[in-house]
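Chain IDs A, B, C, D and E follow the sequence of writing; residue 1 opens each chain.
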Amino acid sequence: MAEKVLKKEKVGEALKELSKFRLFAPSKSNGTILYKQIEDPSDACLDFGNTTVPAKKIVFPQTETLFRFMLGNPELKEKNVEEEGTTVVFGIRPCDARAMGIVDNLFSWDYQDPYYLKRRELTTLVGLACIQPPSINCFCTSVGGEPFSEENLDVLLVDLGEMYLFKAITEKGEKLKTTLGSQLDEAPSDAVKKSGELADKANVQIKRTIDTKGIPEKLPTLWENELWKRVSAACLGCGICTYLCPTCHCFDIQDEVEGAEGRRARMWDSCMFREYTLHASGHNPRPTRRERTRNRINHKYSYFPSKFQVIACVGCGRCINLCPVNIDILEILGQVVDA
Amino acid sequence: MNGRPKIGVYICHCGINIAHTVDVDEVVKFASTLPDVIVARDYRYMCSDPGQALIVEDINNMGLNRVVVASCSPRMHEPTFRKTLITAGLNPYFLEMANIREQCSWVHEDKIAGTEKAKRLVESAVVKVRRLEPLEVKEVDVEPSALIIGAGIAGIQAALDIADAGFKVYLVEKTPSVGGHMAQLDKTFPTLDCSACILTPKMVDVANHPNIELLTYSQVEDISGYVGNFEVKVRKKSRFVDVDKCTGCGACAEVCRQAGRIPNEFDEGLGMRGAIYIPFPQAVPAKYTIDKENCLFLSRGKCGESPKCQEACEAGAINFELQDEIVEFKVGTIIVATGFDIFDARKKPEYAYGVYDNVVNALEFERLVSASGPTGGNVVIPQRGKKKKKKEDEEELGPVIPKNITFIQCVGSRDKSVGNEYCSRVCCMYTAKQAHLVKDKIPDAEITIFYMDVRAFGKGYEEFYDRVRREGIRYIRGNPSEIFKRGDKLVVKAEDTLTATPLEHETDMVVLSVGLEPRSDRREIIDILKLSSSPDLFYLEAHPKLRPVDTATDGIFLAGCCQGPKDIPDAVGQAKGAASAAMILLASGKVKVEAQTSVVDEATCRGCGFCVEVCPYSAIELVEINRAGWPVMVARVNEALCKGCGACSAACLSGSIQQRSFRDTQILPQIEVLGVK
Amino acid sequence: MKNPYIPYEVKIVDAWYETPGDRCIKTFKVTFSDEKIWDTWSHQPGQCAMVGIPGVGESMFCISSSPTEKGYLRFSIMKVGKNTSALHELEAGDTFFIRGPYGNTFPLEEWKGKDIVTIGGGIGQAPLRPVIQYIRDNRDDFGELTVIYGARTSADHCFKAEFEELNACGDACCHLSIDVQEENWPHFVGFVPALLMEVEPSPENAIAVTCGPPVMIKFVLENLEKLGFTPDQVYTTLENRMKCGIGKCGRCNAGNLYVCKDGPVFSYAQLKEVPEAFA
Amino acid sequence: MVDNAKLKDVAKEVISREDVRLLIGYRPGTYGFRARPAFVENSDQVDELIFSPACVSNLSSYLTLEEKTPLPRGVEPDLRKVAVMVKGCDSRALVQQLVEKAYDREHILVLGIPCRGVVDMAKVENRFPGVISGEIAMEGDNLVFSFDGKEETVPKEELLAEKCKRCRYPTPLISDLLLDDEVERFADDDYSDITAMEGKSTEEKWAFWEEQFSRCIRCYSCRNVCPMCYCEDCVLDRLKPVWARRSVDISENTVYHISRAYHLAGRCIQCGECERVCPVDIPLMLLNRKFYRDVEELYDYEPGIKVEEKPLLSTFSVDDKEDFIL
Amino acid sequence: MAEETREGFEPNIVAFLCNWCSYAGADLAGTSRIQYPSNVRVIRVMCTGRVNPLFVMNALQQGADGVLVSGCHPGDCHYMQGNYYARRRFTLMRNFLEYLGVDPARVRMSWVSASEGSKWKEVIEEVVEGVKAVGPMDQFKRRQLNW
């Protein structure tokens, strides 16, 4: 099977071709890298660390209509995701793609979430391997990932300097390869080898690591441990660490009305918010940021693994990088290990 | 428990007034499609008896629990329809009106546009009425008594009027005697009656009136509560003289070791007194007072072998152990009559007041011309600071009688440079009066008055001014720029602005006609009663024209110079006005309080006090509550004080204080339906 | 595959207030607008449903009727916030929407042949009512039924008529309480945990089910232990805030349990392992 | 620069006091050049405390952020003092909190840090990427970065936080203990950013803000970090009434930002925290500085300067400008 | 949207009127049969002091093209100070909205006393003209993006 490459000068063309789908790629907006639906290829920016907001927002939008209705009319009009058509995410980092795989567990557990699952089905993920870790807080290798991980990706691109190695991984990937046909070129013979070398190099560049073995089992034993108070003291209770985490998936459901028309919609929610568990009576089972932080870590590193056998963290480092007060999941895990 | 809102919408034709430019049928049709509207009807005259009966019937038959009337302005018929609801047994606040006449049919000829607007207004009323809550119209009882603060002529007059009407009055005076400034005056313009002659009987009446409880040498410490129910705390300062025993004989004062050493305030420091004293012979009550600061025994713990006064007092009234006493009582209404201060002429250094003994202010001059004053009514140049050690000293120095006296008007009035833009309203007249009195006493005196304008607006004033001018008094229009001494004469430098000639005028004595100022201690009362001040810093009336004796706070009134400069007739007139306003309350015995008041959600209030600051009626205070074990401050509204303006609701960031019937939850839906086209 | 977020319309057959006041409780008896749905619908005591009005929102309530009561579902709803206020405005003939049934059920099969004690407080009686009703409708399958119930005042008692009837027909022995004495109150005065000690049910071949405010549950559990009930003889239902009801939205978890899916019914034995359960 | 040894001594003394329950200061962060808030409850924890130009957080936020859980009956609340380290800008938050009676003056103990500026961490990380661990110190007008065994000096101007370049009050306006000599004002605000924005056309302005607001993910970090946003139940979270819907789109985001900016009018003390924490780099200071400038210009009012000051919007002057009123 | 602008555009303006002056003034305009454009829809409040400037934002979001707040002349407020507070609040809010790119013609304030029926008409005409000139307001409007 001959490998293909995408020459850098042809990226624009390729994106043009792909923009017949719902195409998302990283884009620079006011200095911030965010996924953007691309109509003009020049909006895309492939020379980036990682996006601030993870690609989860493409398959699990921050606000999403579930159904619509007219007030007083019993007919409910379900939102049809199918209409959105094929979606391509171009340049997703391997950790974000892995994260989708993890979140799939949740949305397909027992009740099937039609919106999420349909969109996943419609989406092709074109990954971009991390030649070097986008940030010093990347720790994917500690939680089962890798800078070159192919998990959940349909295509993996590897930056070889002049060109990207284009590696189709799944059937969807193969299809995309066909779509791109003329934009792709035959890979030089050493491309795969070079890619392998780069992968090895990338792996060792991950500086901050932790041995997560045993953490899921240990966490429940530390319920009342002092450490929770210490690590959460500075927390602001904002939504950064959760909204920006590719594996966080909590949502709220609210009805909105516009004149006689209305919709029921869901929107991201965060376990770090005070009102997340607040009862109408004023009672709150997680009354302070200590309980909320504990829940966040436990959820990712204990509850989720106990239910789905996988840690709900891909080590993307966003929650560390973007936490305004330097609350650091690696430090917390370190303390869990040491406790 | 709440059932579903069942709204009836009633659209009035108002004859053809509405129907002419609003398609009433269409509005009815539209209204009946709105959520929760059970019935929508139209009628020729909704406010007519059959119109109202229609509503009552529907309420009774269809179980309506909210009513929208779309007709004329709520300013016209809201009370009418509220009564309709009451008749039907519904809370009157479940009513909302849509003004489709004054603000629709009468102002828009275009029937399509008018109808469209009428629909929107009806919809807005419907969404609001749906969210209205039942309110209670409360009445509170009025305690049949009044507090009057300040016993100058204004306070005295108000006290007498209210007491005569049969209500209890507490009259609180800061100084040892009632009387205020008027007691210090000699004769009063324009009639020249002697001040003491007309004031003293009133002072005595106050003391003897069975309905008046006189609290002199006392100060209000705290007032809480609201109209009809004020709780008052007064500190009666210790006089160290048992007033029940003191006969006012004055034996004590004679022997006081400090006698003649302490400037007497009543005489503006021109006369002297001892540490135990009575401010002036006609003082009411005629009881002696020991001035704590100057009494040797009280300030140093030792007065010779033993205090002489105590020995001298046969009644045994002097008791150094006496303490301040706090008295508390309830009143229904309050009149503030705390009067004024005179302008401190030192603030105009060019006039050298305080530098030369022969520059005096007008109040000092009143004491000088007063027969009961320190000079026995002889106009002499006062010698300040030279303490009369012995009686003989006085004779030695001999009084210096001025032959040339100059008055300067408008000192501290109409003068932006000292911050007083206003006219003090009495200086022109009392200057004329004083000039006349000098002429009486020293017929050959040369008298000059520097003035800016002469304002003689009152009854008999112009006549009086004319008379004085004819007595040979020289009026020079001009504002002196400087006073200095040349030899033993004073020189007044000025410009005669009528002739535009600069002049230097030599004289023996200058009298500064100082203006009236808000009292320097006025904040005490502001803090206790939360009164507002006008820009001139006098207490602010509720409306300058229509409510001139009222304050923003129900049940609190103003009388006399505390509200602004006045002469005696005006002060008395206002006192009578305030008294009658107070008596209306006292006589009716009840006051209705606003129903659309504000209310605080204590669970979310953050105790910032923004609402407290903006409330013009001081109806909100911060109180400490226990929130799940923690002490926190939250706002609380006194519903008897709240007038329902809603300013607090807009000031509160956390949305914790809401005006009933105008809550955010009630207004936002209105905005929503009116915003949509 | 049916979209689990889309609710069914139900019609209110009857509605009445159980209790008065600001936080009043109203019971709704409803049937599906589309009768056919009954064919696919089946629920068991302990299960819940999302109840809502499009344009207002949804919240979770337990179905307070037993599957043995055919042709209708019951909900008893306390007015506490946005949805519940809107629901309270509805009357017979009106409609709202439900989806479900959700959650697990009381293991009534396993309880057969045993004595059952229900201990409820306030609106917490709502999930216990279907248990009681189920036992009444299968009376011979169960042993003795003891009903312990309390509320702040006598006016705050839900299901008053049913308790009287229960006692009268001898299906169960009911013990009622209020917090402070009132005139003409013939029953116990005090808190529910105290009443429990007064009644002193025997743990012998018995199951205890409790629901109510968190503090009450805490002391009831303690007292049951004192009476000799072992954790696996005691059941309760949890009411964590939930939005989806189907194990997605995240918030209802108590430790690693999804209350909406793994619960709301739990045995005390299970919950003892979950530190967050009674937070 | 505050001497860190002295700082520790003072902190030790303070936290040992009977009437102090907590001391909030700074400690080194977990990576790069970062520093982070430290919560010291006993003297053993004092050693980690530092102050350096990396100490960007405004710690006064924590005075109002603390969640008070319901106390069991019979348990007395712990009302002892909280000691807090504040820079000049941060101290103004304390002043404004006191203006708003957020707590009693006696409940706090203020350790003032006369400050010569802190860094813009984003700029620092751009300049020295990939540094696992390092320290920043200020020497004169230079910042000295030490990491991986080396030292680099950069003029402070280059890496200073924007707010420091406009700081009028480098020395705390309120403090019980000043940890260093007072610092002279070294900068002032010319509001050139605001004037530039005002100079744009209506269309340009909205185009700019629309772009900015559309990025907002409504993580509420800007609100939660803000020392002046401490309502128990923010109106923007409320379901009854709904001021801002929960859904995230340009309309609701705009409403969120207008509401918050208006709620900060005459209250925002320019600590810059909101803008610093925003993960998607929305120039929030450009919003609240507009109010700040207008308030200063129109009403001669600066929040967070005097404890006795009345809140801006709870006062008025009869002569307030009204040229736009018909 | 921009196309339907100007030509035939009838703006929708939400007005907040204090009960004592402006509402009474508007009533007087009615009693005097003074004709004016029908674009303004009034919400009555007791005092302009009640009007939260965020109401303006809300109205613009809900679809209004302009907002008017009208109260008693300074010094005449029935509650003495309400209009002074309102003046401050609205000055700031108006400047701010302008700064965001909302044309200031959309956010107006006026003093209309109970006796100024004809002034009310003038105010309405000026406000309506002003808003007409700048066209429909759609900046804050809910765009039903995800609908």
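The rule is short, and it goes like this: a residue touches a chain if its C-beta (ideal position, glycine included) is under 8 Å from a C-beta of that chain, and two chains touch if they have at least 3 such contacts.
Quick caveat: nothing in here was measured; it's all calculated off a predicted structure.
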Minimum number of chain-to-chain touching steps separating chain A from chain B: 1
Other chains in touch with both chain A and chain E: B, D
Chain pair showing more contacts of the two, D-E and B-D: D-E
Between chain A and chain C, centroid-to-centroid distance (C-alpha), Å: 39
Centre-of-Cα separation between chain C and chain B, whole angstrom: 63
Between chain D and chain C, distance of the C-alpha-averaged centres to the nearest whole Å: 48
Length of the line joining the C-alpha centres of chain B and chain E, rounded to whole Å: 37
Residues within chain C bordering two or more other chains: 81
Multi-partner residues of chain D (at least 2 other chains): 69-70, 240, 243, 247, 249, 313-314, 318
Residue numbers of chain E (touch at least two other chains): 53, 58, 61, 81, 85, 89, 142, 146
Residue numbers on chain D that touch chain E, as the complex places them: 197-198, 202-210, 243, 247, 249-252, 254-255, 258-259, 261-262, 265-266, 290-291, 294-295, 298-299, 312-314, 316-318, 320-322, 324-326
Touching residues on chain A, where the partner in the complex is chain B: 71-72, 259, 282
Footprint of chain D on chain E - complex, ascending: 53-54, 57-58, 61, 74-75, 81, 84-85, 87-89, 91-104, 108-111, 122-123, 126-127, 139-143, 145-146
Partner chain B, residues of chain D touching it in the complex: 68-73, 75, 77, 79, 100-102, 230-235, 238, 240-243, 263, 310-311, 313-315, 318
Parts of chain C lying in touch with chain B, wherever the complex brings them together: 17, 20-21, 24, 79, 85, 88-91, 94
